[in-house]
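Labels for the chains are A, B, C and D, by order of writing; each one numbers its residues from 1.
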Amino acid sequence: MHFRKLIFRRIIEVMAIFFLILTGLFLLFHLSPGDPVSRMVQPGMSAEDASMLISQLGLDQPLWLQYLYYVKNFFTGNFGISFHYGQPVIHIIGRRLPNTILLFTTSVILSAAAGVFWGKLVAWYKGRPIDTWVTILALVCHTLFLPWIALLFIWIFAYHVGWFPLNGMITPEVWINPSAGFLTKAADIGHHMLLPLLTLFIIHVGSYLLIMRSSMLETLKEDYILTARAKGLSEKRVRNRHAAPNAYLPVVTSIGLSLAFSINGGALTETVFSWPGIGRELIFAVSNNDYPLALACFLFISLVVLVANVIVDVLYAYLDPRIRY
Amino acid sequence: MALLEVENLTIAYKTRRETAIAADRVNFSLERGRSVGIVGESGCGKTTLGMALLRLLPSNGFVKKGRVTFDGMDLLSLPDTRMQRVRWKRIAMIFQAAMNAWNPVQRIGDQILEAIRTHDPKITKAEAVKQVEQLYELVEIPADRIFDFPHQYSGGMKQRAIIAMALACSPDLIIADEPTTALDVIVQDQILQKIKAIQKEKNIALIFISHDIGVVAGVCHEIMVMYRGKIVEAGRREEVFEVPVHPYTRALLSSYLTIDGVFEIRDKQSPAPPCTPAEPLSKELCGYVHLCPHASEACRSRPPQWREITPTHKVLCSLCR
Amino acid sequence: MPDTPAEPMVQIQGIKKTYSEDRSLFARSAQALTAIDGVSLCIEKGEVFGLVGASGSGKTTLGRLLLKLEEIDAGQIRFQGKDISGLKGAALKDFRRRVQLIPQDPYQSLNPYMSIFDTVAEPLIIHGIRSSEARRQKAAQALDAAGLSPAADFFPSYPHQLSGGQRQRAAIARAMVLSPEFVIADEPTSMLDATISFTIFKLLADLRKTQGVTLLFITHDLAAARFLCDRIAVIYKGQIVESGLSEQVINNPGSDYTRALINAQPRFSFVNQ
Amino acid sequence: MNFSAETRAACNTAAAKRSYNLQRFLDGWALFYENPVGKLGVFLLACFGVMALISYIPPLIDPMYHPMTGVDPWISNATGPSAKHWLGTDNLGRDLFTQLLTGARIAFMVGISAAFMSIVFGTLIGMIAGYAGRVTDAALMRFADMIMVMPSLLVVLLLASLFGQLNIWIIVLLIALFRWPGVSRVIRSQTLSLKQRPFIDMARVAGASHMRIIFRHILPNVLPMACLYMTFRVTSAIIVEAALAFLGFGDPNTVSWGMMLQWVWKTGHMFQAPYWLLPPGICISLITLSFYLIGRAMEEVLDPRLRKEENFE
């Protein structure tokens, strides 16, 4: 089937891109000034451990062999030992990645859904005051500086009003309590997640709304909208059944293009709210010259973006029959 | 009383700088089972006129004055919900072939079903599908293609499917706006024959809008020539072709290339057989005066007037005496 | 250039052109579309040759191949006896001077950011006419010949200030300014209103008479081809189904497709002529 | 064909003789300025322009107003607004108002130079990819896709960690290097549609060289779009620089708004010193808003259909 072939091709492409990123990172690491060995092996390590790590990572080999080791290590999940945590990097990633995916997907899905819904309505009322004001509001949301608005929220809602915890993802007391059930724990995470989520939501919803609005306005100029009206359909049906499904398509493309941008914002949000995610870990590792951790975090973030891109492509193909059939 | 009566219809567009008149004091009437063709160059207002009848003008277009009476109803003052019931049930439209009149993400069959079921909520889906199958038989598309998506159809098939959809609710009037432009000559001919046959068989009134006077003449009983927003000549097609009076009509016909050579206007003399003046309607000058080879001082100073050549053949020109 | 009187302007032998649909880096799909499938033609010096076909028949592709805007996959095109497929450098430039195009859509065929003078004079600059006085004179001549006179009035205007017919005349002036020997007119009037396109046809007929240019007229309209052309070829699905003198093709069509085409033409049998 | 006297007269009027480009620009400006969005954007931008200009003045009045090195000798902690320090001081006793003014200068510098560079790269690459087509196009666009899926902020961070402290111009260059793909996608698709237009065929038939076609025929037609994208790129450059500075990876020798936010955050004053927390954030948000508003208004002047791929940054 055409559709499967397309998705398959897209996956191959994404894999090729990932491989290029992997290679690029290797080259950068070796091009940059400084000794690769001292960057991968913590100074305090015992000589025995250090030489084992060096031979594991292939750092004593010629460059091309090092590259092969590097690729092999990626697929076997061996990224070395984090300086800061003193643990294998893969364990840290394993713990952080789900938290990032939770925050990232929730925020993207919620803000996209809300933005698309409101954008659809606002476009319908183009030229009326509601359109003008919502558009301006969306523009303001879109241009707010994310770390600042995050700090502001903490200051207002967590510090002054005290509705939300200042930072973190869980309250240890709740989790230590053996009687705490799944729901209690989930509610605790939800309570911590609300403010970061709100920050990301506000930053993203504006752009999704604006994109949906302009896409909808373009669609409303199309001839089949005229056909739908001429058929005697109600305005609501024209909007929801004929205009909106077509207007979704460019929005989905834009969401795909914006994922990298969203992950930037995600990393900033995680940092300000001390949300234990992989983005915060990357920024933390970079600040502390924890190279093994930083490189691995970056690779996994790229992987998240690429996988999300493939999902978006599948969604697009699902929405557009011209691709499916 | 005629099925459709258009009186003094004036349509304008608001642009950033001005209000532009797109159709100026248009008058005509159409009986059930008759067909009228509107011919004119691009931008003359013929499409606007068609859209105005269904109240589908773009948001910056509006009817400045005039009346449209359809089967006793005043279409321009009908409430929106009632107008929605007139659309397609009573007046259907065949859109330009070049337009993407089909919603690309919905199956063609579903779009036709939607038209049927909107106007007849009680009909079951199976019955409606059956109707669509009959329509497809009529327009000669295999029934197994009903639930294809638009991009799987060829240009000619899309156009035939549009005709099928136009007939879905058995309307009293069909407005066809350039239904064959951008189609190949052979396909165009097939579609025109189809439209003509169906119109005759079902006794539907037809308004046929085209830039091609040859195409219009093949389909319609009557012809109206439109120039710069005004109808400049109207009459039965034989009258217009045999005794074209308005200089623009004459230019249009004498530049029409047929397979046998240039179309020859039988009456070589420049305007016009004697005729009796009709009611003066126009206040402004003739729009064709800058291109007209016969324009006189009078044309530049006085507005043209409607003249009656025969009871069915009228022309808006000062040269006609 | 050794120009024996019998030598045809253009000789086409068995040319083919296919397009592959996909051009991605990672996947090369096998879907191919044959646009031109073994066409052979001969266009004599000084004649107007009509190429008639429906949209998608390959007629525009054929024109582009003749103009060397695209390369043929198989076969041979000879212009004035010389194979054009290998032309490069000075030889290609010389070919460009001799062969010109009158495009389809006057609304798209002029660069909106160039004045009419710049547009018409651009080929002169490219082909090394240095003196600006000479350029002005030649451009004025070309505009006059195309019916835009006085030319000086049109020099400073931009395409959006002209009507469709005027733009098409400017495009014709640009094509004629280098006094080419062979001009391809690709549906020059399909976007124009009937009364205007008739005047363009008459202009083309005039140019052929006064400048002796050889013309390939590509059209979907058999009636227009008959009006303008000495000989006609009918193209269908990338193949020539019929060719011959215009009158002959229309009065005695030899192929079913041509017959269908003729039957589909509007007729005014109701008019007593 | 006959031309009416009016048509000829119209061609002769002064307005018609004015260059088409100028005429287009003036028409566009009128349309732009009619739009309240555009007006507001221009007004805001003018305010920031004034801020950037007068930022040179305070250090001349008194060295203690120098944004980096000037310390008020009588103040050793963060204090609120006063007559001497209009917005108060930071924890070292530096004047917040002059820091804010200097921040405007840095924002303009970073924003405009990075945007300009990325527009130049993006336009050139987009035109080349669209015009050359085939393998060149596919390769360039895959490359662009690859850069596009990389979170630029995090990449620059990583580079900062590998290559050490980055100065402001390197940051500008890096931002430009990671911000061209969006531009080149748009310019490429425009070039592709231009390439279909017959005037490009006409130029080729006349024997024009590729250079001539790209720079004489395609470039003027894509330039308005490139200008539009420049406004969007300015905002994205300002935001990336501010975010870098906020995370502590800015140029330590410059004062930017992001840097101010980092100081208030890192020194733990964010709950005590709203006079320190609020102004830089408001400034960053408003300057990006002003460029964005201008871009939106320009967009409505240009053909909105050209912009299918809306950009986020």
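Here is the rule we use: a residue touches a chain if its C-beta (ideal position, glycine included) is under 8 Å from a C-beta of that chain, and two chains touch if they have at least 3 such contacts.
These numbers come from a predicted model, not from an experiment.
A.B. asks: What is the identifier of the chain with the smallest separation between its Cα mean and the overall Cα mean?
C.D. replies: Smallest offset from the overall C-alpha mean is found for D.
A.B. asks: Could you work out which chain's C-alpha centre is the most distant one from the centre of subunit D?
C.D. replies: Centroid comparison gives B as the farthest chain from subunit D.
A.B. asks: Which of the chain pairs holds the record for C-beta pairs in contact?
C.D. replies: Result of the pairwise contact count: A-D comes out on top.
A.B. asks: Based only on mean CA positions, could you tell me how far subunit B sits from subunit D in angstrom?
C.D. replies: 51
A.B. asks: Per the centroid of Cα atoms for each chain, what is the distance between subunit C and subunit D, given in Å?
C.D. replies: Each chain reduced to its C-alpha mean, subunit C and subunit D end up 46 Å apart.
A.B. asks: I'd like to verify one number: the distance from the centre of subunit B to the centre of subunit C, where each centre is the average of its C-alpha atoms, in whole angstrom.
C.D. replies: 34
A.B. asks: Suppose each chain is reduced to the average of its Cα coordinates; what separation in Å results between subunit A and subunit C?
C.D. replies: Roughly 54 Å separates the two chain centres.
A.B. asks: Which subunit A residues touch at least two other chains?
C.D. replies: 13, 16
A.B. asks: Give me the residues of subunit D that touch two or more other chains.
C.D. replies: 142
A.B. asks: Check each residue of subunit C and list the ones that touch at least two other chains.
C.D. replies: 24, 199
A.B. asks: If we count contacts the way the header does, which residues on subunit B are in touch with subunit A in the complex?
C.D. replies: Residues 54, 56, 80-81, 84-89, 92-93, 95-96, 99-107, 111, 114-115, 118-119, 148-149, 151-152, 165 of subunit B touch subunit A in their complex.
A.B. asks: With touch defined as at the start, can you tell me which subunit C residues reach subunit B in the complex?
C.D. replies: Within the complex, subunit C touches subunit B at residues 54-55, 193-195, 197-199, 201, 220-224, 226-227, 250, 260-268, 270-273.
A.B. asks: Which of the residues in subunit A come into contact with subunit D in the complex?
C.D. replies: By the definition above, subunit A touches subunit D via 13, 16-17, 20-21, 28-29, 32-34, 136, 139-140, 142-149, 151-152, 154-155, 159, 207, 210-211, 214-215, 217-218, 250, 253-254, 257-261, 263-264, 267-268, 271-272, 279, 282-283, 285-287, 289, 291, 294-295, 298, 301-302, 305-306, 309.
A.B. asks: Would you pull the subunit B residues touching subunit C in the complex into a rising list?
C.D. replies: On the subunit B side, the touching residues are 41-42, 182, 184-186, 188-190, 211-215, 217-218, 237-238, 241-242, 251-252, 255-259, 261-264, 266.
A.B. asks: What part of subunit A is in contact with subunit B in the complex they form?
C.D. replies: 222-224, 226-235, 237, 241-242, 245-246, 249, 319-322, 325
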